[in-house]
Structure formats: C-alpha cells, structure tokens
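Take a look at these structures.
Same chain, two partners: chain A is paired with chain B first, then with chain C.
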Partner chain A sequence: MTTLLDRPAPVSSRPVRDRRRWGWAIAAVGLVGWALVDSGLFSGAVLNPGGAAQFGRFASAAFRPELAPEFLAVVAESALVTVAYAVLGGGLAVLLGAVGAVAVARSTWGRRRTGWLVARGVVALPRGLHEAVWGLLLLNVLGLDPWVGVLAIAIPYGAVTATVFAGILDEVPRSGYDALLAAGAGRSAAALYGLLPHAAGSLLSYAFYRLECAVRSAVVLGLIGAGGLGYQLSLSFTSLRWEQVWTTVYALAVLCLAADAGGRAVRRRVADPRPGGDRDRVLTGAGVVVLALTGWAVWYLTLSPASLVSARALEQLSYVVSAAWPPSTEGALLADVAGAALDTVLMSVLAIAFATAGAVALAGLAARPPSAGLPRRFTGALVRATLLLLRAVPPPVWALVLLFVLLPGVLPGALALGVYTLGVLGRLVGEAVEESDRRPTEALRSAGASPVGAWLYGTVPSLAGPVLALACYRWEVAIRDTVLVGLLGAGGIGVLLSAATASFDWPAVATVLAAIVLLSLVVDLVSERARAALR
Partner chain B sequence: MAAGSRVAVVGASGAGKSTLLGVLDGSVTPTAGVVEVHGADPAALRGRELRRLRARTGTVRQHLDLPGQLRVVHNVNAGRLASWSAARAAWSLLRPVGTAEVRAALERVGLGDRLHDRTDRLSGGQRQRVAVARLLLQRPELVLADEPASALDPALADVVLGLLGRLATEQGGALVTALHDPALALRHCDRVVGLEDGRVVLDAPAATLTVASLEGFYGVIR
Partner chain C sequence: MSTAAAARSGGPAPRIPLLSRRALLAGTGVAVAAALAGCTSSSAEDAAAPLRIGAIPDQDPEVLQRLYGTVADSLAAALDLEVEYRPVTDYAAAVSLFRTGDLDLVWFGGLTGVQARLQTRGAVPIAQRDIDEAFRSVFVVHAGTGLAPSDDLAPLAGLRFTYGSETSTSGRLMPAYFLSEAGVDPQGFPGGPGFSGSHDATITLVASGSYQAGVLNEQVWDSRLGEGGITDSDLVEYTRTPTYHDYHWLLGPKAVERLGADLPERLTAYFTGLTQDDDAEVLELFGAGSFIPTEAANYELIEQIGRDLGLVR
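Our next item is the complex of A and B:
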C-alpha cells in the first residue's frame, strides 16, 4: 500500500476538449438555429387559421376509411401495380449493382487509383438524383411507358447498390483470394472462390433491404404519375375524398409492414444461419417468391424490351441531350439556384433536427423492453404502429396535409420531411436501444439513482454516438427527399427543377440537375466527416 | 450480518457468488424466500423509499458496467446520482460538479491523473479502480464487491480491498466480497462463506482457516 502513497502527487490534469467534436457540435447548433430563424417561426405568422376545419375533416376521416367494395378493388389493383414496379425496379437495381460493384471495387482496380476515382465519379451521378427526378427525366424520353417507373428505381438504386456491394467486397479478408492468385488462378476465378463466399451473406442481406426500400420508392413514383398506390393517393387527395385517402394510406402501411417484416425475416436468417447442411427453407422460399414475382410483374406491366430501344425513344434521348448541352450559365438562374439550394439545405436540417429530437424522445417507448407489464407493452405497440404510419406516407403527402394548418413556405416542407424521417429514425433508434447494454443503467439503479440519472449516466453515453451517426446518415437521405418535396411544390431546389422541366428549358434543367448532384455530394461529404468525428 | 463485519464469499466458478451479491443489491429477484437489506425487504418498497434503501448499498460489479464513452470524472460522479436531482446530473455532464472530491477519491486508488480520460482508454485494472472510486463517493453502508481485484497486481489488490473494507466499516456497515484468491480473503476478511452449487457449504471465522484449507475448497491439488 505504501508503494502507492509514496509516489509524488500526480500532475493535475485539465479537461482536454475534443476539438473536432466541439467544432461539429457548434456548427450543428448554429445550422439548426439558422434554419429555425429562416423558417419564419419567430418572425411572422406561420399558422393558417382557415385550414383548421379542413384538417379536422381530414383527421376524423382516419376512423372511417372508405370501405366500398368498388374502391377496395381499385386499391388492391393499385397495390399490385406498386408491387410490380418495386419488384422489377429493385431486382434490376440489384443486377445493375452486382455488375457495377465490379467496376467500382478497389479490388478490381488495385493500385490504379485514377481509374477507381473515375468509376466512383460515374456512379456518384445517378446516386445524387432522387428516384422521382429520374422519373421526371425518363418521362420526357420514354413517354408514358412502364419502363419509366422501373428504370427510375433501378438507376439510382443500382448506383447505391454498386457502391455498397463494392464496399462489402473490399472489406472481405484477402488472404483466400491472394492464395488463389498465388496458385495461378485468374483474377475473376479467384474472386469467385476467394472473395464471393465470404461476402455472400452481406450481399444477399443488402439486396433484400433494397427490395424493401423499392416498395416505398414505387409509391413515391406513383405521385408523379407512374400509377399504383401513390397515384391513387394523389387522386383522392386532389378531389378532397379524405375517407379514400385514409384507405390508401392504410393499404400503404400494410404493404410497407409486409415488406419490412419479410425483409427482416430474410436478413435475420442470413445473419444467423441454421446449423446443418440442409437448404434453408426461408431463404429458398424468398428467392423463389422474388423470381416468380419478377416474371409476373413483367407480364402485368406489359414491359417490352423493344420500347426501350425504339427509334422514337432514341431520337428523343439524343434531342434532350443535345438541347441540354451546354448547361445554362445565365446569372439570374444561377442566383435562383444558389438561393434555392440554401433553402433546401436549411429545410433538410430543420427536418433532421425535428426527427432526431422526436426519435430520442420516443426511443424508450418504441423499444421492446425485455420484461414489462401489459400497459407498457400496449403503449410500445401503439408507438411503433404510429411510427410505421408516419413512414408509410410519403413526405409530399405529409406536406399537403400540413398545408391545411400552415402557411406555404419552408416550414411545411421541413416538417413534412421531419415527420416522415421521424418514422424511420424512431424505429432505428428504438432498435439501437433494444440492442444496447442495459447493465450500466441497472447498476446505477441498484445504487439508488433516479430513472433520469441512470438514463443520463448509463444509457446516453453509449447511445449518443450511434444515434447522431444515424441522424447524419438520414440527413444524406433527407437532402434528396427535400428535392422531391420541392418537385411537388413545397419550396427549395425541386421547385426550380419542376418549373424548368415543365417549360422544356433543357439548358436550365441541366444546370439545376448539376446543382442537385453537387448539393448531395457536399452533404454526403460533410455527413461522412461528421460521422468520422463521432467514432 | 453484524455491523463492521467483512465477509468473503468463495467458491468455484458458477457456484452462485455473483447471484448472491445480485440478490443483495436488488438486481436479481429471489425466486423463493425473503432477503432483508438494512432491515427492510426491497421487494416491498417502491419509488423514492426503494431508491433511498438502494443508495445505502454500493456494488463493484464483476463486469464493472461503466460506460466506456464517459470520462472518468463522470463515471466516478455517478456514485452520487442517488442524491442528485436530474437537472444537476445533466449539468454535471457538461461541467463536472465537485471535481475536488472526485480527484481525492481517484488519488486514493492511484488514478489522480486520469480524471479527464475517457474510461474506455483505461486498462482493465484501472477501470476496476474507477469503479471503486465511484463507491468512495457513494459512501454506502453495505459494500458488495464481485471480484474487485481480479485484474490488479498483488500490491494494488491489497490497497483496493483495504479501501473497501475501511469504507464499509467507517459507515458502520459491512463488506461482502466474492474472491478467488484465498490469501487475499484471509488477509482482508474476518468471515469466509463457501458456496457450492448455490448452497452454503462453509461458514467460518477467517482465523480458523488456512490458505491450504481454502485451496482445497477450490479443488486445488498440490
């Protein structure tokens, strides 16, 4: 014991602030503050008192959805269209992603960095544009053809899938691959035997996740006219038939829930394979169902490869491309784009701040507790169902709903995105809480700490990092969705795009598209840096 | 258990030592029978009264359960959460409250210079001492310690067990500690309880036992 006390008194240490984190924290608070001021929340009237009655009618219709058999038949048929688009778009995206992954993987390029950077740049372009933007562009090239909906999902999803697949392949341990190369195997054969088996589980799991997301995207595409549930929703909305709106919303929720549950079951099974050499029934079944659905969807949508390479389509494509080059560099347009880009960023920041705050507040309730009484279970189920409903309704529809009670401007758009993102983040944060280690909190409770104190010192420290990282990641998604909300009229850069496409001003379209791609690239970069600082 | 007593719980792995300590601090609910802690049955209390009772028991857990992302100062301050309001607890995460006492506690376990380090940057033995420092601030009457010296060198193990023993007896309470080292148990405790498959098979004053007899209990054959 004396050995310790005899030592000289230790030099008093001062708290060393993590400069990077403080910088990020201050920047984030500043940005949210700016967004709040910019939204006009403190400076003017934001509420629309005249719309309260309409909103009341809308809300009360939630309890008496339209159940007439004719309408239910219409909804069922729309749901089939949505599923068909989702399966074909998602499936094609996975195919494109698998091919693209080879092109953008580090393993392919080895030390040839330039080639790798070029490949990454090529893939970044389709990724930067929202599915709805692709839909709008394709509509102008292909006309009203089912390929529009399929490709609008497949192109951006394919690019994302390629990047993710490449990342998975690059992270596989290389020793098996190197050993095969050393034994004289060719590079592709070595990859098949040395890389692919390790990565198969993660690749499959991500492919099913993409299919899940495709359902939601197919709904959104319906809103811009591709048919399906989204189209039905916008029809009922514009004709003010609230009972029908709610029937469609419930159908959407059921569809999303089915996709969620199915995808989750497959991903769980992939992550935790059954022992024994037998073929896994769930996985085989899922594969067979997806293949069968794909065949059915081609037939159902009467998709024909011929229309894709028809003379008219090619002619239109060459016309649009030649008309759009060079992009417009008019001063007035550039100023508009800059202003709209700033609005878009502030909208997305406001949305994420709202969603994160909401998700953290609800996390405790959304998580399934290991043991709890009936009232707690019931509240939890209710919260999870509400979150599902929030994310089942696409953001543009939320914007329309919010416009009943709010005056047009940045705020309804931001809140619409925020409400939708809350649905997604609430679930993710709830899952993070479920998976977190409860023992530190229990230890504090058993030493007499209050629930809040134990939460602050036991749960928050381990969850703050992951939750903020999730928020950053959702911000990347939200910036793309902000464009979508704007496309349907809620402000930001999307409004410029829809105006330019409506007037067939192709040079202006090219400029706005370039700005959107640049904006999403910058947001991706900032978010990636912020997440690195959180690690 | 008499005030001022120091009890070592010994037994092979899986004998039920941690479960016994868990029952005492209320984190494990007994499936049968009643446990009285500080003269009350924790299962019969609720809310504030239960918290007040639990504040009188301090535990060093086998896996420590200290969030690694927190700085040492916060993890030690967590020992005072029972008497802090929620607002004070939240504020202290931004500007640590009462750092002088935290530093004094850390100095007693030889970690005075680690006040502002992140806990996951410390070694296993250092983390064990952070958990002990937390107890020094909590000042419980009943000290429960599950293998508090498993990652410490012999000199530090003596320091830590001495501190825990004094902490308990200063408050007029008791120390119950699960130990794997027979010599340590005999040096720092005055009563030894042996467990086997969840049953008490030995309960004797430390003075009547020898290191060799305890080793036999663990099944050591020389």
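Our next item is the complex of A and C:
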C-alpha cells in the first residue's frame, strides 16, 4: 500500500521496447559505475580489518543491552517525549499538507502552468532540507521551545505531504468533479463533493504512514537537542556506550513497530472497507486515539502558540536573517560547494544502489507469504526485524561504526546511508511483493516452470516498475540524508554545512542551504523524468 | 443485505451512529481550543524565571543527569535561587541558545565560550576549574605506524588524522594551532582531516586503525586510562601539547538583568568557595580540585587562533 502512496506506481503496460528506457538504464549504470570508481573501491584498499574488534564491540552489545532500572526509567520517559513530538509533528504535517495540497494540485491551477510551477517551487524549499537542518535553524529563532521539534518535523513533512496529497487528488477519477462543474457548482464545492470522497482512503492511509516516519525523525531531532530518545541516544553515542545505544535503539524499534502496526491496520481497513454503511469502529477508534494523543502531546510538551509570535522570536528571526543575508558568493566557497555537491550525488547514488540491490535480494523473504510453513515464517520475521533495526539505528551511528572497518572516504558515509535506506526500502519492497499479482507466477509454476524461472518471468516484470519508482523516491531522501553523515565528517555537502554552522558563518550557511535545496530539486526533476520513462 | 442497502430499498432506517461526524468535529474543536487556551505563555521573558544552566555533555547520560542535578541543587541552595538544568547536545546549539537567552549560565569549552561571548554582548566568564588553567591535548597514534613517542609533530603530517568535534578546543582548535606551529598544515593530512565528533570516538577510531593518528582532551584520555578502558595495545600516546586555558562557566546578560547586578560576583564566590570538605560531590563530578576565577583575557589566544582558522567571525 505504502508503495502506491509514496509515488503513484507506474502501471505495467504491454512490454514495448522503449529507447528512452535504454537511455535511462545506461545512464543509471554509468552513474553507479562512476560512483563506485570515485569511492576508491578499485584503486586501493578500502577495508580496515584491524577495526573488526571495535565493530565487534558494537555488534555484540546488541545482545546485551543496558537493562539497569534507572536507565530503563530514563528511556521510558524519553520515549514519551519522542511520541509526543512525533504525534504533533506528524499531525501538523498532515494539516499543512492538506492545505498545501490545494495550492500545488494541478486541479487547482488547471491550464495555468506558470502558477503551478511557482507553487511547486515554493514547496521544494521546505522539502529540500532535512529535519535536522530545520531543527538547527528553528533553534536559532525559537530557542529551547518545544515548537522547534514539532515544526522541524511538520515543515518538511508538510511539504512532502502536500506534494503527495496533490498527486492523489490529481489522479482520482474526475468524472464526478467534471459533472458537478458542468452542473454549475463552484470549483471548491465540486472538489469537496466530487474529488475528496474518492481520495479519502488514500489520503488517510498516507497520513498514517507519515506518522510512522515522524517517530524516526523525532529521534534524529533529539540528536540536535530536542530531547527524547534521540537525546539519550546521542549522549550514549558520544561516549560510545554501545549497550545503552542498543537499549535506546530497541525502544525506538518498538515505537516504530507500534506505529507501523497501527498504520497497517488502518490501511487495511481503508483498502478493504467492510460491507455495510456503518462507521468502521477501527477507523473511528484510530481517529479518536490520534486526537487524544494530540491533546495529550500538547499538554505534555506545554506547547504554546504564543511563543511562535513572541517579540523574542521575531527579534531572533531578524538577527538570523540579517546575519545570513546576503548569502556568501565567495569563489572559494562556491568551488567547495560544487565539489561537495558532486560528492553528495555520488554518495547518494552508491547508497541507493546498495539499498536497492539489498532490498531486491531480501524482498522475497521480507514479504509475508499468504501460506507458508513455520520455518519460512520464522525467516520472514527475522528478516523484517533486521530491517527494522537497520532503520532504527540512525545514519550517524552507522557512519561511525562503519568507519571502524572501512578506511576514511566517501565509502563509509555512503554505506551508512545505504544500510539505513536498506532498512526502509527493504520494507517498502517487501510490501510491494505482498501486493503484487501472484497469478502469473502461479500459472508458470503449474505449467512446469522452475521456481527461479517462475520468479524471473512471473514476478520480476511486474515488480521492476514499482521498485525502481521507490528507489528513485528514496534517492531524493538520501540526498537530504547525506547531511546527517556529513556532520560526522564522512564527506559530501554536509561537511560544508557543519563547518559553516560550527563557525556561525551565516552567509555561508545560506549558500550551502541554497545549494542543498537546488540539488534536491534537480534530483527530484531527474527522477521524475526517469519514472515517467518507466511508466 | 447490508443496512445501507436495506435502507435504500425501503427497509428500516440505519441506526444513528453513537458518535456523529458533527459531534466528533465539534468535540475536536472544543478540545483543541481548550488545549491551546490552557497553555501559558513563554517564560523566557518572565522576571521570575529561574536561572537556566546548561552544558555540552561529553559524559554518559546518568552521570550527566546526576552532574547537573547536583550542581543545580547546590547552586539553588547556596544562592537562594530557582535553578533549572536544560540539556543540549550540540556545541553550536548551546552557543545559539546562550545568545537567545534560553540558557543563562553555561559550561563552555574555550572556543565555544569565545563564540558565545562574541555573539552575546555583556556575557561574563564566571569561573574555571583548577585544571582548566593548564589544560592539554594528547596526540595519539596507532601502533602500526611504528612511531615512538616524541615531541616532534612533523611525522604526523603523512598520517590519516582525526580531530574530535569541529569546535572542540582541546580536540581541534589548540591541536591545530600547535600543528601549524610545528610546520604541519592543520587542514592537510592525506584525504583531509576527519572529525570524529567526540573524544571517545577519536580513541576508538585511532585504535581501530581507520585513522592512524588523532588528538583529544587530556582529561578524557587520563580518565579512560584510569578506568582501564584503554586496553588496546594498538594505541600509543605520542605527545601532550603545551598548556592553554579551556572550559569555563559563562553568564549571560539577561540573567543579570533579571536576577540582580551582583549575580556574577555571587556566582564566582559560590564556585570558588566550593571545597573538598563540603562539596566533594560537585567537584568530583567535574573532575576538579577546586574552581578558580577567570577573565576574558585568558581566552584571547583562543580567539586569535579561532579567527585564523575561520572558526570565529
């Protein structure tokens, strides 16, 4: 389901040989090859076997997490903070997304392409920056206010949600809407009664999916001081207390699992409504729970709208803006930015290539088969748990740990992102497999094809499109995430950003941020074209 | 037949759901309005706001919670003030929060203290530990490099080298200065220098051999040696730097406005008055024998080096 939500998945049509596809395929292979060569994989040693002991210490701590009662109490309280931020941030993002969707939907603009393009460009700005970057910026304006954590999630997520909501609205059947317009209804009334009912299910599903993502983001924000699990994780990480790190990671995994299970239940209900006109109790219950959680979170974090418009916030905003304007245009900085941007692209390409290959390899195991024996189910659960842990460990931790066994360079950062993205992509691809049409494979099997043959000719063709679409989507995300591993000095544009923020060189910060937004915009456009070619 | 279908075909009307959509929406509206109205306004400008202390943590969570809980309690009792500890994880964040007035009294490193003071007019250094007057950094190398301990930094130039955090005084700034004094380009090194992010990470990265050399805070190194945490025979202490000033307490101007012009003197008196007999707990948590007064002039060299390295503007 999620598969379809992130991006409308291309519908597989009759197999036609498309020259454009060949072009894209060659370009993709070339890019991955370039990234591999650039990473130094073929030009010298990249492994550092001496660090196996240090890596082993990290890995073995997974089996003996810190379980001291005092620490568990700290973790439990932090988990509450994380939940509060996730619920408020995710909830606000959905609200912003709903409003923003109207502004960026093609339906709103009709034939006025310029207006639509401008709206899309405006949304690209908040979307292009990572939550952690928003956190740092907001911290400078709002100080230690809980709004920092909430808005740092809500602003970028709101922009993503707006784009996706707009996509959903634009792709639902339009006959009702057109009929209402023809009958003389106003545009907004027509949209409310003609478009919204069709889209409601997908919109709700996506809203719950965002909530799951918000949990992981709330942790990343803790790394910059918003409190919660991420704060505890960052403290334990700073002093390399791996047992404590794992306890926090497990707590986070449990939260993710809970959000995932809730979201899955809601999505299933939405996708397959029960017959009858009664209100679905599960859906109503989920709505009530979310509202109750929101109220509790507002109370728990003592969130006050007054601090958003306080004189102090405005004063700090003007300080930051006047310090950052005009952005630096020093030649040396621009050259650095260009070089780092290239590194970032190559790093993200490596990460995505690794994650996609891994996700495809694991997809068969990660999917829940309709009927399977106990060993198969156990393996499936194990693979899914591993994927969950891969994405529960934040990328900066992966970067340091991989740096124990790899020599410094682009590779540890790229692999750190790749491992983390594999955690996310593995799950998404697994779901795509679950939802794929099993009939071609079964037909081939019953016609006597070998399992491998049936998989190659029955499953792969129908999955290639959605998987590549997902890979493209995560590529954009990976570009933003490189900032996280850059903060650890693993290379890319994040290094420049952390250098500029560390020295409070606001004009340089502005330039680097502009470069990041531009970069993610370009990647967005390129992957949009690639997806179009796949359709 | 479903109820809706039954209703459409003239059957009994479907029962009204327990919670109608309108009731749900109205309830939500009321709840949200109540929640928003119940919130109090920001306390940042409040005259009765407590003294907010903060620090950049480089120790593990419980120690940290205890450390600042203890300090906050002791401070509150001694000065008859309400004191609140606010945790922050990031050097840059702590400096910004000091500027915005969210943190009043912060335990800064040498460089971050200078950055915070330059961004916050009227900030005053309050006190430093006895060991901060003569702080050192330790250069460590991986045994595989074959380098024997020496005072000559030049051989480090050809090694993969990592600093600690970018704005760490002992993990970056002063070592970079001493390297350049020894004729080694502090931004040189094969592949460029790394930034491990923390002193402990530097130890582990050099022990792993991924980086062949690194530099860190003398206090952390000594304490890890003392705990027996460094059992890697792969790690060699290469040399210690000359001494410099490092950590200190810095007080922001807004606290002085709020809590009285004599606040800096009272705080300095409190810190320097801590004794091993009565306040062993606080001193031990800071790893200090005692606190001594300090002044802005102690950090002029740090400011100069910071400017040369582009870390202070």
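Here, the second predicted complex is superposed on the first by the 478 of 535 C-alpha atoms of A that agree within 3 Å, B and C clash if a C-alpha of one lies under 4 Å from a C-alpha of the other, contacts with A are read in each partner's own complex, and residues count from 1 in each chain.
Everything below uses one rule, namely that contacts are C-beta pairs under 8 Å (C-beta built on N, C-alpha and C of every residue); 3 or more make two chains touch, one makes a residue touch a chain.
Bear in mind the structure is a predicted one, so any value in this text is a computation, not a measurement.
In the superposed model, A:V452 makes contact with chain B only, not with chain C. Shared-chain residue A:P461: touches chain B; no touch with chain C. Once chain A of one complex is fitted onto chain A of the other, the partner contacts of A:W22 are absent, as it touches neither chain B nor chain C. When the two structures are aligned on the shared chain, A:W325 is found in touch with neither chain B nor chain C. Judged by the touch definition given at the top, the superposed model places A:A443 against chain B, while chain C stays out of reach. Among chain B and chain C, the chain that touches a larger number of residues in chain A is C. Looking at chain A, you'll find no residue that touches chain B in one structure and chain C in the other.
Here chain A touches chain B in the complex through residues 1, 3-4, 7, 9-16, 437, 439-440, 442-450, 452-454, 456-458, 461-462, 464-465, going by the rule given at the top. By the touch rule above, chain A contacts chain C in their complex via residues 48, 50-51, 53-55, 70-71, 74, 136, 139-140, 143-145, 222-225, 227, 231-232, 234-236, 238-241, 244, 275-279, 284, 287-288, 291, 294-295, 298-299, 302-307, 310-312, 316, 396, 400, 403-409, 487-489, 498-499, 501-505. Every residue of chain B that touches chain A in the complex is listed here, in rising order: 25-27, 51-59, 61, 63, 65-71, 73-75, 77-79, 81-82, 84, 86, 89-90, 93, 96, 103, 107, 110, 112-117, 138, 140, 155-156, 158-159, 162.
Chain C meets chain A in the complex at residues 2-5, 7, 14, 17, 19, 24, 28, 31-32, 35-36, 38-42, 44-45, 57-62, 64-65, 86-93, 95-97, 100-103, 115, 119, 142, 144, 160, 162, 166-167, 191, 194-198, 200-201, 204-205, 207-211, 232, 234, 310-313.
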